[in-house]
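In what follows, structures are represented as structure tokens.
Shared chain: chain A. Partners: chain B in the first complex, chain C in the second.
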Partner chain A sequence: MIAKKHMPHYMMVLPFMLLFAVFFLYPIASGFFYSFHDWNATTTTRFVGLDNYTRIIGSRDFKKAMWNLATYIVITVPLGILVAFCLALLVDSFKGTWSNIFRSAFFMPVVLPAFLAATVWRWIYTPNFGLLNMVLGWFGLPSLNFLNDTGSMLYALIAVDVWVSAGFNMVIILAGLKNIPTDVYEAARLDGASPLQQVRYVTVPMLYPVLFFVTTYGVISALQVFDVPWLLTGSSFASYGGRSNALMFPVMDMMGRGFGSLKFGQASAYGFILTAIIVLFTAAMFVFRKKGYDQ
Partner chain B sequence: MGAARRLAGSSFLALALIAGTANAQTPVTLQYWVYSDFAQGEALKLQQEFIAEFEAAHPGVKISISGKGDDDLTTGQVTGAASGNLPDVFMNGLAAGAQLVEAGALDNIYSKWMAMPQDYRDQFDKSAIASCMPKPDTMYCLPYTGFGEILFRNLTVLQDAGIDTANPPKDWAEWLDQMKKVKAAGKFAMPDQTQVFNSVASTYATVGPDSDWGIDFATKKTLVKPESYAKALQLFVDMAPLTSGTSRNDQATKDLFITNQLAFHVVGPWVDPTYKQAATDSGLKYDFVLVPAAKEGDHGGVKSYEILSVAPGKNADIAWQFASYVAEKKQMLRWAKLLSRYNGNAAAMADPEVTSLPLVAKSVEAVKYALEVQPPYFVGAYPNCYKSIVTDNAAAVADGDMTPDEGAKDLIEQLNDCIASN
Partner chain C sequence: MAQLEIVNVSKSFGKTDVLRNVNLDISSGEFVVFVGPSGCGKSTLLRMISGLEEIGSGHMRLDGKAMNSVDPARRGVAMVFQSYALYPHMTAFENMAFSLKIAKQSKGVIREKVEKAANILRLEHLLERRPGELSGGQKQRVAIGRAIVREPKVFLFDEPLSNLDTELRVQMRAELIQLHAKLKTTMIYVTHDQVEAMTLADKMVVMNGGVIQQCGRPLDLYDDPDNEFVAGFVGSPRMNFMKAEVISTSKDSIVIGGVGGEGRFEIPFTGFDPAIRKIKLGIRTEHVGFVNGQPEQVSLPAKVAFVEELGDVSHIHTDLASGERLVIRSTGQRYAGSGDCTAVLDTKGLMIFDEAGQRIRPTR
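Presenting the complex of A and B:
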């Protein structure tokens, strides 16, 4: 009786559910199946149990990619949010046309295609006569090969990513700033709070949900980093990650195993390992957030 | 003259054969995938001419051409093989051959090749054909365009450094001496040859024998030998203070050359249009010569080919007819004249209309000496770690982290580990 009553509703969601099953659930299920098989996309599959998972976790490239990723996240996410927060405060302090000009200017890198951003930065980082090396030269410092020196490659990438992502985070934080009632600031000023204290004791606490969102979004995006390091190192499926794999990241390693080496079973397993890591990270952040609220 | 007549006769015979079999052709649309730069501008117009000619001779056959980037070509062909939706005729690089064989993307065209008239088969460069035949009775490709690396020289930079440009450097010692003079004059001598696998191979070709390069897939060991490779690594050490720090493929390298800041650029002929344009626009003075080797009379550099292959399946026969038509002398001659580019049709390359083109003539000569980049083809795919180990090792030795002898020993151990773990 209840099923009959809700039949029109089921029929209405059916088209979506069908498409969802075909284009979302089926690929996930088949990927899970292949992650336990040796498969090069054309030959028949051979069951290998957990071999794909153990091979990946034991491989040198995976360890390198994970180390790079951890370093990258630990620096990029806080730095990116800090820069975005400062930019948002700056833009918020302007009114009218100037506010619009600055907001658009800082948002510009977000709408640039990744290849264009990477090309611009490859120029900036060019050894000997790139923009950055010209500046170093003015101070009598030696030229650096930012994209081929293993000591600087990761930081060169972080600079690009912060530059690209700051505008997006700035707009979200700016929206949060606009929602903070001005009377709270007035009360703080009356209590003798300095501008820095207003930021510390009013702005940051009031922005807590927004900062949580940009942090979560930043971490999830960072876990999937691929295009900018790929482009900065001029990678292809046959060769990627730059010198000594200094810019090797998990998604890159997964793509290389799939399309470079035709190990689609391993690539599928890699995808599930990455998914598990992303889910764990996100869950941990929600737990920390809940604890923060509870306290 | 007699040879030319025989060639023309055989071409006509081949075309007649193709046309004859085509009369009974049921309507079909062939998907033809080419490199993206072959699907734009003048190159596309010429491809469309080939297609129109073939379609006119084969009523019912339509050909749809698509341009793809390097990775897209291979990815599309591999996934196409997996889904049973391969393009019928496609280009790729020789180096991707083994991967495509593994994916089942390539038809064995040996019997079709052998069914062609002898004069048709004789048109092609023998070593290029050998690259397409990994074992008896097996053939996976027709050689198409290709390259042998040449040395582009910026004459202004060299003359400013007091170097006589009338004669190219006769050997490595003289070449290195010129590089040092260029550096002393405040300019860059070379791009950083350690950054790209092909430029490492190219530098190795200056001193090492061809037999000590590549992988023995039977024993799963690298063919690199410590003695010969240590000599190559010494070249990177010698060049290290003289380089621009940019790789040979960087746009910055071309810009340095065009703006008279870089003396030498070892690369394929595809940069020539850019340099030719710069000669017109900004007065760039340059030429191209064979890459010097350790000994006078020998030459370095690497070579490779783009290939034309056919997918297995119901359209394989007509797809082969189209591929063999496109790779035939008449078409390859037009191709070479249009782009001034070397290709694997030796008869076309020997045609007076082409031998008078300096870039093609130099490329033909360069190919004779050059090293195959990733031999053997269609046998085993080079593991991804292989190339990065080679470039990382060269860079580490150039930076002084290891001596050339230590570097060569370390490289071989790492390469064998990489091959074994793949």
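Presenting the complex of A and C:
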């Protein structure tokens, strides 16, 4: 009786539930199944227990990818937010047309396809003829091979990703800045706070929820970094990660194991390891989050 | 305590003149209220005193020192905002201590000053709470406390009670009067509420269109307004106005006609300019009644439109034959009834304004 009464409701959610099951639940379940099997997509599956997981965790590529990832996150996330915050303050200080022009200009990299962004930066980083080496040449400095020198490759990638992500973070922070009432700044001015003290004591604490979101989002995105380092290096499953795996990252390693070496069981296990890391990171950030204040 | 001089101050935003040649002297320890309708320039004038708004032209001196280019924090003024403008992430204590912390005062001095202010405002038990945990009245008290700890020469209040409910507003008004009596500091207060202005002010400054219309003691403005705007703005319910025509003048009286339609009567007036023909009569509601027969009274036929019965007093809104509205204040009868009635004007309470709205006073 109750089921009959609610039938129209079930019918309304059915299309979504079907799509959700086919494109979300089934891949997760099958991925979980394959993560315990050896499978190359052509042969039948062979159960290997936790072998895929232990092989990945014990591999040199995984350790290198994790080390690169940790270094990348520690630098990219704070630097990206700092740059975005400064840009947001700059845009916020302009009014009318100039504000719109700057906002659009800084947001441009976000709408640029990753392929295009990487191509532009590959050109900027090109030895001898690249823009950056040209600038170095003006100052009499020697030409550098940014994308082939293991000491500079990671930092070259960080520069690109900060450039790409700054626009998005800036727009979010700018929205937060617009929400801070002007009279709070006026009160701070009357209290004797200098512009820098206003940023420190008013802007940053009042932007705390926004900065928390931007940081969480930044960390989650950084954990999945793939496209730009892939495009800056070999861009093929035969050659990726750059010289000495200096730009090897977990997602890239996972993709390589799957579509390069056809070890889909290992790739699935890699996916679950990465998911566990992302969930742990996010949970940790929420646990350590300072108790929000009632605005 | 400090004396403030405002000399020929003007301000424009683009092509819009917000303030025009404002001149005002504020004595030490005075409680001055700027009052006027929205957009009259009162808040802009206050913000110019605070330094948050640049002075367009003219001069502002505090204790004889020019303030035009002095930084807001160095003017010796403290401001209480309409929205409280408290720092939401700081406790009440931290909010009040902020200016002292910026001024690098020692922790002992900060604690002493904040606790002293908290004691004056009865905030001791709320010092560890954040603004989000305080009621509107408590937030406003913290905002006032933040101003007190700075020990300013002049307190500036920008419509500080507008966000509070009626009961709390009355209570806060009383607290502000007591605070002024206790601190004896110069206070400048902005409001659009003339009742608030009349209850608080030593000196009331009525503004309209960026110009000071009149300033003086509240009751002086009520009893003897300079123009139609002040007469209408000060007092609740507002003064009644009726168009009239001067029929004849003599040395000590004038005969006017067309009052409320056909009303024609003689009123005592010394030295009326016979060239003036069209005038406006103003009369406060307490000078209009129902009872006839007294020697200095004249009557007009009217029709009751509606009645505001407030218990102790009723405001009877009537329509005259001319279509003008005449409000009668009645304390004698609680229910006025409806239909036709006779409104009785006490000619002692009549004020005369010219067509431009300027008051015409009898010569003495």
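Definition applied: the second predicted complex is superposed on the first by the 282 of 295 C-alpha atoms of A that agree within 3 Å, B and C clash if a C-alpha of one lies under 4 Å from a C-alpha of the other, contacts with A are read in each partner's own complex, and residues count from 1 in each chain.
Rule of thumb we're sticking to: a residue touches a chain if its C-beta (ideal position, glycine included) is under 8 Å from a C-beta of that chain, and two chains touch if they have at least 3 such contacts.
This structure is a prediction, so every number in the text was calculated from the model and none was measured.
> State whether chain B and chain C clash or fit side by side on chain A once the two structures are superposed.
fit
> Which partner chains sit in contact with A:Thr42 here, chain B, chain C, both or neither? Use first/second/both/neither.
first
> Of the partners chain B and chain C, which touch A:Thr126 in the superposed model: first, second, both, neither?
In the superposition, A:Thr126 touches chain B alone.
> On chain A, which partner touches more residues: chain B or chain C?
B
> Could you tell me if A:Phe237 is touching chain B, chain C, both of them or neither one (first, second, both, neither)?
Touch status of A:Phe237: first partner only.
> To the nearest 10 degrees, what angle do the lines from the C-alpha centre of chain A to those of chain B and chain C enclose?
Spelled out: centre of chain A as vertex, angle of 150 degrees.
> After the superposition on A, what does A:Asn179 contact: first (chain B), second (chain C), both or neither?
In the superposed model, A:Asn179 contacts neither chain B nor chain C.
> Can A:Val202 be said to touch chain B (first), chain C (second), both, or neither?
Second partner only.
> Between chain B and chain C, what is the shortest CA distance in the superposition, whole Å?
53
> Residue by residue on chain A, keep only those touching chain B in one complex and chain C in the other, then list them.
Correct list for chain A: none, the interfaces share no residue.
> Looking at the complex, which residues from chain A come into contact with chain C?
Residue list for chain A touching chain C: 181, 183-184, 186-193, 197, 201-202, 205-206, 208, 293-295.
> Touching residues of chain C toward chain A in the complex: what are they?
On the chain C side, the touching residues are 50-52, 72-74, 77-79, 81-83, 85-90, 98-99, 102-103, 130-133, 146, 150.
> Please name which positions on chain B make contact with chain A in the complex.
Residue positions touching the partner: 70-71, 74-75, 78-79, 81-82, 95, 99, 102-105, 188, 192, 195, 197, 244-247, 249-250, 252, 256, 261, 381-385, 387-388, 391-392, 395, 421-422.
> Considering only the defined contacts, which chain A positions touch chain B in the complex?
Chain A residues touching chain B: 40-43, 59, 61, 122-123, 126-130, 143, 145, 148, 234, 236-241, 243-245, 256, 259-262.
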